[in-house]
Amino acid sequence: MLFKLLDKDEFKNLVNILLQSNEVIAPKQVGVNVTGKTLHQYLPVTSFDEIDLTYETTQYSAKTYFLPYKENLSTYRFDEKDWKQEIRYRQEPRVMLGLHACDIHALLKLDKVLARDNFPSPYYIARRKNAFIIGIDHEPCEGGFCRSLGTDTVNNGFDLFLTDLGERYFVSINTDLGYRVLLQVKTKDVTEEDTRKYLLTRKSISDAFQTHVNVQNLPNLLDLEFESKVWNKWGQKCLSCGSCSMVCPTCYCYGVTERVSMDFKSGAKVKQLYSCNLVDFATVAGGHNFRPNRETRLKYRYYHQHRGFVESYDEPKCVGCNRCGRVCLAEINPPDIIRDIQMEER
Amino acid sequence: MRYLSIEPTKPKVAVFDFTSCEGCELQLANKEETLVDFLKAVEIVNFREVSSAKSDDYEIAFIEGAVSRSDEIERLKKIREKARVLVALGCCACYGGVNKLKNAFDLSTANREIYGNYPKDSMPVRAIKDVVPVDMEIPGCPVNKEEIERIIQHLLLDINYNFPVYPVCVECKQKFNVCMFEKGQLCLGPIARAGCSAPCPTGGLGCYGCRGPAADPNYDEFFEIARRRGFAEQEVNERLSFFGGFNGIAMGVQK
Amino acid sequence: MKIPLYHYDIMKEREIQQPVDFNRHRRLKHTDKTFKAEISSITTLTDMEKLFHLRILDEAERERFTFLPGQFVMLEVPGYGEVPISISGSPSNKGLIELCIRKAGTVTGVLHKAKRGALVGIRGPFGTHFPLEKMKGYDILLIAGGLGLAPLRAPIFAVTENRPDYRKVDIMYGTKDPSQLLFDYQYEQWRRIDGVNLHIIVEKADDKWTGDVGLITKLFDKIEIVPHETYAIVCGPPVMFKFVCAYLSKIGVPMDRMFVSLERRMHCGMGKCCRCNIGSTYTCIDGPVFDYWTVMNLKEAI
């Protein structure tokens, strides 16, 4: 990896250049909640001033730019006795600016399922390869436990990564494209002093983590505690509303429905992201539901995050951003659940 | 449908209004882009909003509105006899809708208050299914035209239509909304059935549950959340009874 | 100044330009491209089930479509939906795909309305298959309950078409009542094959029924099983295969020589939608065919 220094003014220039000819997605403040906390979302921006890189976290993750909530897998033209199927993949590049490490890790995890395993998804790959990703370091967000999962720092999966050193950014360059893009503005070489400052900043960020979750032996524990009362306790609270999965940066499951136009001349096969907490996730024709209870569904979500994924890819699916915990009206959150599971074992 | 070697049929459709605002009927005649095709797919034989034709020969009857007068019962029973498929259209027809609010008042007092010294023939408001058997219920206030179109497409083939069973939160989240609770407002989204694409929270108003309850709603926890966030029982209960879909459900009442 | 962010066009990838072949799991492909197929014939089996013969229109695609007994396809009715259906026909009958479909909901409902000549879409084949190679030289039990005969018909074809490879073959089939018996026109043919025994039982007889009455496990009284020389394939609802496998296990047939086909909700067939997931297992990739030992070890499997 190459490193450079970028003055903040030059960074602004860079963003403006990027904005001239590309769609740019960046964190934007969208309001405040009742307690006065600012709320942010990754949204398309048209000027540098709309961007707020000091954001703590976003409510929604960046995944929706790679896995949209709704997407046409194919469309149909019906012509009397025949039909024609059409499939289109994204071709337009897009800048994803200001992603935190957890969101980049989430993409790396999604890559494992959607780009590298059986039946790689051309829809995902096309979006992924058309994304120019600029990450940024930040103070830990409230309740985030990414450090416990090793997703608080990231070494690949981005083009450029920024660490704020006050007047300037310390830039890690991970791709040739990132290097070439950076050539458009003035950068400085990194001195020993800068490196020292960078390491200090990194250390102070790591030290600031408040939330720790013990994930040691978790896959095994989940298996042993399959019948645990913990699920009953938390399951009773679950509203089966799916909000957790909607905001989760790594939840990718979906349902497919099809539709025809009213003139019966066209149709579409539509993919819509789903959640294993929703009541009919595992219902089959005839009405049998393989997971009829809230607690089995909630348990399953944790299984996929912390056990199933580990079995397939040797790491949990969860990146510890705690978005699901924050959004849950019933206050169901991974740190508490995992703590309960660990306690059960003692 | 010719690609399936099925010759499309053109079912005869009638639309009748009972006690309602006619908003759902208007929805049927709405959405100009597709209205012509919609009217091509079916043969409308009785529908005040779009034509003056009046025929008693129909297969599918859409009933809008609730039943609130005794003459309406007779009329409904006649329609039921003629229709092969009877569809309750909209919240009022499915649950009684806003009209049902009046059941909470003493009827004669309400009558006097509204109609003064000339009381009208009135009785407790009833949903269509409480009077005659219903083949399909399309909830919503008003109904969602896109959904109606899809249902018509399914009725043409005589196959069932699967309504979403999950709560409004799913569709609300898919619109990137900030949760109404975050903004300090009440919302029935977590217990209300989706399918509307969450226009209310998207527009800054908490959900009133016009499509009735989601499948297996977690009322206990919902009330707990409302309590924790400082909403009074009365406010929650008024919200629950607004459209009549949560009949018999109330916060603070032991089951 | 313009930054050279390039347009990545996935269509330029060499892999995706190759013809779509779902048997090549790892290759980048148009995952949602369907093979257009014509319903070339429809046979009514009962009030609820019909047998559809499908022929893929494109000759090259038809040539590429090969499957093994136990695998399934995703069958799409454009505009109405896509459903997983086991292939019910013979693997050796190239170009003809037989699907036995029960009217159960939206998509299957449309299919039951469709007429000969209808154009539908197929993706697949997907999933695991019955290990007919390993079963060679053994006694074979082929057991179906209800609609289970649809998936079981593929191994029945495979075994009867390669008769010398297998020893004694017993086909056991049970339904609720005689009106639900599928493929009754084929029984005579199966019965006449040397060394193949067909046993049929119904739970409730009607006026005309003269055969056995009872649960499918009752048929075991009639069959001689040499436990260590036997492989079994069991297709049917979970309650049925649970009892059948428990019986077989009790008499000493190893659990990893019994094979069942599991049903789950499916929206992709490719390990992506998670709907078919059992614990950490994807029914569409690791199944639908599992040996019973694996099923016993799957949490929430039955």
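Note that the chains are named A, B and C in the order they appear, and that numbering of residues resets to 1 at the start of each chain.
The rule is short, and it goes like this: a residue touches a chain if its C-beta (ideal position, glycine included) is under 8 Å from a C-beta of that chain, and two chains touch if they have at least 3 such contacts.
Everything numeric here is computed off the predicted structure, so don't read it as measured data.
Novice: Which chain lies at the heart of the structure, taking centres as C-alpha averages?
Specialist: So the chain nearest the centre of the shown protein is A.
Novice: Pick out whichever of the two, A-B or B-C, is joined by more C-beta pairs in contact.
Specialist: It is A-B, judged by the count of C-beta pairs in contact.
Novice: Using C-alpha centroids, which chain lies at the maximum separation from chain C?
Specialist: Chain B.
Novice: Between chain A and chain B, what's the gap in Å when you average each chain's C-alpha atoms?
Specialist: 37
Novice: Based only on mean CA positions, could you tell me how far chain B sits from chain C in angstrom?
Specialist: 42
Novice: Among all residues of chain B, which ones touch two or more of the remaining chains?
Specialist: In chain B, the residues touching two or more other chains are 3, 5.
Novice: Where in chain A do residues touch at least two different other chains?
Specialist: Within chain A, the residues that touch at least two other chains are 78, 81-83, 259-260.
Novice: Residues of chain C that contact two or more other chains, please.
Specialist: Residue numbers touching two or more other chains: 77-78, 105, 117, 119.
Novice: In their shared complex, at which residues does chain A touch chain B?
Specialist: 30-31, 33-34, 39, 41, 59-60, 64, 69-70, 78, 80-83, 236-243, 246-247, 259-264, 272-273, 275, 278-280, 294, 327, 329-330
Novice: For chain C, which residues count as touching chain A in their complex?
Specialist: 1-11, 16, 25-26, 28-34, 36, 76-82, 104-105, 108, 117, 119, 121, 263-265, 267-268, 270-275, 277-280, 285, 299-300
Novice: Hey, which residues of chain B end up touching chain C in the complex?
Specialist: It comes out as residues 3-6, 154, 157-162.
Novice: If you look only at chain C, which of its residues touch chain B in the complex?
Specialist: 39, 77-78, 105-106, 109-110, 113-120
Novice: Name, in rising order, each residue of chain A that touches chain C in their complex.
Specialist: 17-18, 20-22, 73-74, 76, 78, 81-83, 85, 87, 89, 91-93, 95, 113-114, 117-123, 125-126, 129-130, 132, 177, 180-181, 184, 223, 226, 252-260, 267, 269, 274, 276, 281-286, 290-291, 296, 300, 303-304, 307-309, 311-312
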